[in-house]
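Before anything else, here is the set of structures, which you'll find just below.
First chain A sits with chain B, and in the next complex the same chain sits with chain C.
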Partner chain A sequence: MIKVSEDFRRTMWWLHSWAGAGLAGLLFVIFWFGTLSVFDQEIDQWMKPELRITSGDNIALDPIALPQLQALDVAQGSEIMIVRPEQRWPTVDIYYTDRATGEDGFLRLDPHTGAALKQTNSLAATDFLFPMHYSLHASWQNIGYWIVAFAALSMLVLVISGVFIHRKIIEEFFTLRPKKPARRVILDLHTLFGVAALPFYVIMPLSGIMIFATTYFAGPLSLPFAGDLAAAERVLDNGFERPLAGQASTTSLGGIDTFIKRAEDIWRQASGAQGRERSDFVYLHNMHDENAYISVERYYERDGVGMALNHIAFDLKTGEILSLVNPTPVQQVLAWLKGFHFVQFDHWALRWLYFCGGLSGCIMIACGFLLWMNARLRKGAKAPAKVRAARAFTIGTMTGTLCATACFFIANRLLTNAAELAGFDRAALEVWAFFGVWIAAFAHAALRGRAAWKDQLWAIAVLTIAAAALNWITTGDWLMASMSQSLWAVAGMDIVLLTTALTALLTLKAMARQEAGLEKQSGSIGSSQMQPRMSGQAE
Partner chain B sequence: MIETLSLLVVFLLCLAGNVYLILSQEKHRAAVLEGGISTALKRLSPWIGWGCLLAGLALSISLESLAFGLVTWFFMAALSVILAALTLALRPHWLRRFAF
Partner chain C sequence: MIGALLVSYLVASTIVALSAMYLGQLGLAQADGLSFGIMLSIVTLPILGVWLIATKYFLRACLVISSLCGLALVPMSVA
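On to the complex of A and B.
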C-alpha cells in the first residue's frame, strides 16, 4: 500500500465527501440511465410491439428495401440511409431527407415481407433513456453534454480520492456486516461495490468524455478548418464527400446487396477472413444525380470490443470504388474505448455483466449518498428545514428516478398513437409522464419526510408489476408466451421489472426489521435522548 | 452450450479465487471459523486465490479473444467478489471444509 499522511487522507476524505454529496444525485441519474441503455434496443422491443419480430443478420435488402426506395419520390440530390436488420434490431429502417423540401422521412419495414410497419410513436429507450444518459435532454448550447462531462471528471476525482481514504483497502474488499447498524452496512456496501468494479468506474467516465471530444473541444478542433466543425469531424472520421453534378442520372438504382457483398469481401480479405465483417448501414448519396454514390459502412465490430469504423464508397452507376477507409492506429485506440463504452458487440453474457456493473455503480453512489445524508441528519437536528431538504433530495433522486422510469413504461403501454393532450402527442406525453412523476416524487419526499422511503419503495414495487401486467394485457405477450416465441428481449424486460419489484419488497422488509431492532434497542435503553441518533441510523 | 459452460467455469474459478483470498485474511477467516477452532488451523496462502483468478483469466482469454476475454474476466471477478462478500456476510460455516 502507498503510505500517505493523515493530513492528506483527511483532505481526500473532505474532497470525497463534498464532491460526492454535490454530484451523487447527478451521477446516480447518469449511471441509472447508462445501465438501462445497455439494453436500449431490447427495451425498444418492449415499448414498440412492431419490433417484436425474429430476424437474422444476413437478410437481403434488395427484395425488402428496393421496391420502397424506388417508390420514394425524393428529389435529385436527396440522401437516404438504410439500417440493416440484425438480431437486436430486427427491422429494415430507412431514413431519408428530401433535398427539395428539406423534410426528413422514415420508413420501418418488415424484414421478411418488406411491408411498411405501423410505427409506435414513442421515443422509447434509444431516443429518451439513452440520450438522458449522455445529455440529460438539456439541448440548449449543449449544456447537458457539459454537465455530464463535468460529472464524469468528478467521478474520476471521487474514485481516486476514495482509494486514498481507505487504510486497508484489500481487507475492506470483502467486508460486509449485515447485522451491524444500518450506517455500518451502508458504508460496507459502498466500499464493497466501489472497490469490486473500480476499473469500470475509471474507464466508463474516461471513455464517455472521449466519445464527445468533438463537442468538448469544438473550438481547438475547428480552428484549422476556419471554425467549420463539420469539416473537422469529416476529417476525423475519414469521411468522403462527392459534390453534386447537377445533372439528372439516366440510370436507376439496380441493387444494394451487390455493393454490400463487395464491401464485406474486401473487409474479410483485409482481416484474413477472421470475424464476421458485417456492414451496419448503407447510405445512398446524391440520389438521381449523375454523381450518385453508395457508401457501405461497418460501425460495430460484433466479434470484438472495439468499433470498426470501416466504410467504402462506390459509384452507383459504374460500381467503381471511390473511397476505401480503414481506421488509423490512433483511431483504433479511440474506437476500442468507444466500443467498450457503447457495448454493441454480440456477447450476451458480457452484456448482462455490463448491466450488473452499471447496477453496482448505482448501488455504490446511492450508498455513498445515504452515508452523507445520515451524517447531515445526525448533525442537523437543530436545522430541520435543511434535514428535510437533504432527505427529500436523496429520496427523490434515488427511489423517485425508479418510480419515474416505471411510469414512463406504464404510460407507453397505456397511451395509444392517437393520444393527444394540450397539443402534445403520445411521445411527448410519455416524456411528460416521466418528468411529472419525478417532480412529484421530490415533492412527496419533502412532504412525507422519512416515511417517503417506504411509500416510494411500495410505489416502485406496484408500478413495475403494473408495467409487466400492462405489457401482457396490451400485447398478449406475458412472460411464458414471450419465451415460447423466442422473444427474449421482451421476456428479459418483464423479468427485470418483476425482479425490481421483488428487490423493492425485500428492501422494505429489511427496513422493517432494522426499525424493529432499533425500537427494541431504544426500549431497553429507555432513553428518549437517543431518539434523533436512532432515526438517523434507520434511514 | 459449451460456451456457456466454459464461461461458468471461468466464473467458478473467479469465485473460488476470491473465497481463498478471503480465507487467507485473518479477520475474515476468523469470522468464517468462529467457534474457537480458528487458532488450531493454518492460515491459507493467498497464492491459491491468486492462482485460481489467474487460471480464470487464462481460460477466459483462450476462450474469447484477448480483449473480450479480459473484459469478461474482469466483470466475472468483480461479480464474484460481491457474491463472495455476500456469502461471507452470512457466516458460512460450510466453508470450513475448504479451510484445512
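On to the complex of A and C.
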C-alpha cells in the first residue's frame, strides 16, 4: 500500500477521472490499432493474397533481384532500397527513386522465381492500420503525431495517478465479482486489467514517444547542427552519406550477396556470438555514379528485443569499406526501448503476449470509460442531450471502431483492383469504407441510445464472420486449407476474426443475463424510482 | 493538466537541448548525448507533469521552472 495524504489522493482521483474521460476514446483507438499492428505483416498476408508464399531468411538476392535491377532504367544518382525476404515478409521488395524524374517506383518479386508479382492495390495493415496507431492519418503539420504523443503522455499520467488512487492495489488485483451488478464488474475488470499489464502500459507509451522524438524535439535536437534536423537524425540512426561525384560510372552492378555476406561476417566476428546477424535492407546509393555505394543495414536484432542499428557501406566499384557503424552504449539503450515498441523480434509466444497486452489495455480503457459514463448517466437525468452524446461517443469509439475495422477487411475482400468510384481507386475505397462505417456507428449510437450496444455487438459478430467467409470465397483459403498449406498468418487472422465474433456473442449473452437479473430485482422491489439507476448499471 | 504538461514539455526540451549541446563536450559520443537527452526528457515529462498537478503551489512552481528553462535555452539559441 502506498501511503499518501488524502489531499494528494483526491487530486490524483480528479486527474485520473477527467484525464481518463477526456482521452479514453483516443487512447482506445491508439491501443486498438497498436494491438492490430503487432500482426500487421500477417494481416497484410490476409489482405494481399500475393503475399501468401512460404519463404525463408537466407534467400539469395542475386538471381532474384539482379535481373530486375539491371532492367530498371534509373538515372545517374538514383537510390534503390531492397527489402530482404524473411519468415514474416516473404517477398523481395524493391523501392526506387529516379533522380531525373523524381518519381518513386516499387517492385514486388517472388522469392523463388524472381517474377514480378501482381500487387493488390490496398493500404492494408502496414500502410493503414499501423499509421492509424501512431499518426491517426492526420498529416497536416504532423498534427496526428502530436495528438498521439499527447495521448501517450496522458496515458503515463493516468497510470501514475491510477496507482496512487488505489488504496489496496494488490487486493484489488485479485478481485473479480462477476455476479455483482454490472457497475461493480466493470470496476473490477478495470482494476484487474489495469494492474495485470501495468509495466506494459508504462513502457509502451514511453518508448512510443521516444520513437518520434525527432518530431517532438526537433528544435532542441537540431541545436548542435545549426538547425539541420536531418543531420541530427543521421547521427541518431548511424547514417552515412557520400556525395555524388557527378561523373557517370561504367561499372555495372555485379552482385549483392557478396556484400551481404561480408557485412554479416563482420557483425558475427564483432559480436563473437553465433546469433542471427542477418541484414534487413540493402541500399544502393548514387547509382551509375563514380561515387556509387552499397549500404547493408541490420535494423532489428530478430533474436533479441532491441534495434540493431548496424550499418556497413561499401564502395560499389572497389568493394572498399567506406563506413562501419555500430551503436554506441547509450544509443543501444534507446535502441532497445524502440525495439521493445516495434516488436520485430522472432518470438511468437512473446508476440502473442504483446497482442494480449494490447487487448487488455483496450479492455481497461473501455471499462474505465464505462465507469465514468455510468456515473454521469446516474446523475444526468436532467441533461438527457449530454448523456446521449456521451453514450453515443462511447459506443461509437468502442464497438464502432471494431465494426469499422471489420468493414475495412470486408471491403478489401469484396473490391477488385479495377474498382473505382468517383475517382477513388480500390485502396481509397477501402479507407472510405472504414471511415464511412465509423461515422455511421456514431450516428447510429446517437439515434438508438442504449440499444446501440446490442445492435453494434451483433454487427461485430456478423461482420467478422462475413470477413472470414469472404476470405474463403475469394481466395479458397478457408481455415483448414490455410493450416494444411502452413499459411499460419492467414489461418491466425481467420481464427482471430471468428474469436471476435464469439466474444461479441458472449458479451450479448452476458448483457441479457444482467438485464434479466435487474428486471427480476426491480420486480421484487416494485419500485419505479429504481429504474434510472438500473439502466445506468446495465450499461 | 495542459498547463502542467506544457511546462513539463519546456523542461524536457531544455534537457534535450542541454544534452545535445554539451554532453559531446564532456567526452560522450554525439549519438549518446542525443539518445541520453531523449530518454531522460521523456521520463521526466509525465513525472514532472503529475508532480505539478499535485502541488499546491502550481503557478509558482510553473513560473520558477519556466524561468530556469528560459535562462538555459535562450543563450543556447543565440549561440
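Rule of thumb we're sticking to: the second predicted complex is superposed on the first by the 538 of 539 C-alpha atoms of A that agree within 3 Å, B and C clash if a C-alpha of one lies under 4 Å from a C-alpha of the other, contacts with A are read in each partner's own complex, and residues count from 1 in each chain.
We take it that contacts are C-beta pairs under 8 Å (C-beta built on N, C-alpha and C of every residue); 3 or more make two chains touch, one makes a residue touch a chain.
Treat the numbers as computed from the prediction; the structure is a model and nothing was measured.
Peer 1: Putting chain B and chain C on the same copy of chain A, do they fit or clash?
Peer 2: Once both complexes are aligned on chain A, chain B and chain C fit side by side.
Peer 1: Go through the superposed model and pick first if A:A197 touches only chain B, second if only chain C, both, or neither.
Peer 2: A:A197: touches chain B, not chain C.
Peer 1: Taking the superposition as given, does A:N238 touch the first partner, chain B, the second, chain C, both, or neither?
Peer 2: second
Peer 1: Mind computing the angle chain B to chain A to chain C from the CA centres, in steps of 10 degrees?
Peer 2: 90
Peer 1: So in the superposed three-chain picture, is A:G246 touching just chain B, just chain C, both, or none of them (first/second/both/neither)?
Peer 2: A:G246: touches no partner chain.
Peer 1: Looking at A:P67 after the superposition, I want to know if it touches chain B, chain C, both of them or none. Which is it: first, second, both, neither?
Peer 2: neither
Peer 1: Looking at the overlay, does A:L223 come into contact with chain B only (first), chain C only (second), both, or neither?
Peer 2: A:L223: touches chain C, not chain B.
Peer 1: Once the structures are superposed on A, label A:G357 by its partner contacts, choosing first (chain B), second (chain C), both or neither.
Peer 2: First partner only.
Peer 1: Would you check which partner chain A:G319 touches, where first means chain B only, second means chain C only, and both and neither mean what they say?
Peer 2: neither
Peer 1: On the overlay, how many Å separate the closest CA atoms of chain B and chain C?
Peer 2: Checking C-alpha atoms only, chain B sits 19 Å from chain C at its nearest point.
Peer 1: For a test of understanding, state which residues of chain A touch chain C in their complex under the given definition.
Peer 2: Contact set of chain A toward chain C: 8, 11-12, 15, 18-19, 150, 153-154, 156-157, 160-161, 206, 209-210, 213, 217, 219-221, 223-224, 232, 235-236, 238, 327-331, 333-334, 337.
Peer 1: In the complex of these two chains, what residues of chain C are touching chain A?
Peer 2: Its residues touching chain A are 1, 5, 12-14, 16-17, 20-21, 24, 28-39, 41-43, 45-47, 49-50, 53-54, 76-77.
Peer 1: Once bound in the complex, which stretches of chain B touch chain A?
Peer 2: Touch residues, chain B against chain A: 4, 7, 18, 21-22, 25, 27-28, 64-65, 67-68, 71-72, 74-76, 78-79, 81-82, 84-86, 88-90.
Peer 1: Mind pulling up the chain A residues that touch chain B in the complex?
Peer 2: 170-171, 173-178, 192-193, 195-197, 199-200, 303-306, 336, 340, 345, 347, 349-350, 353-354, 356-357, 360
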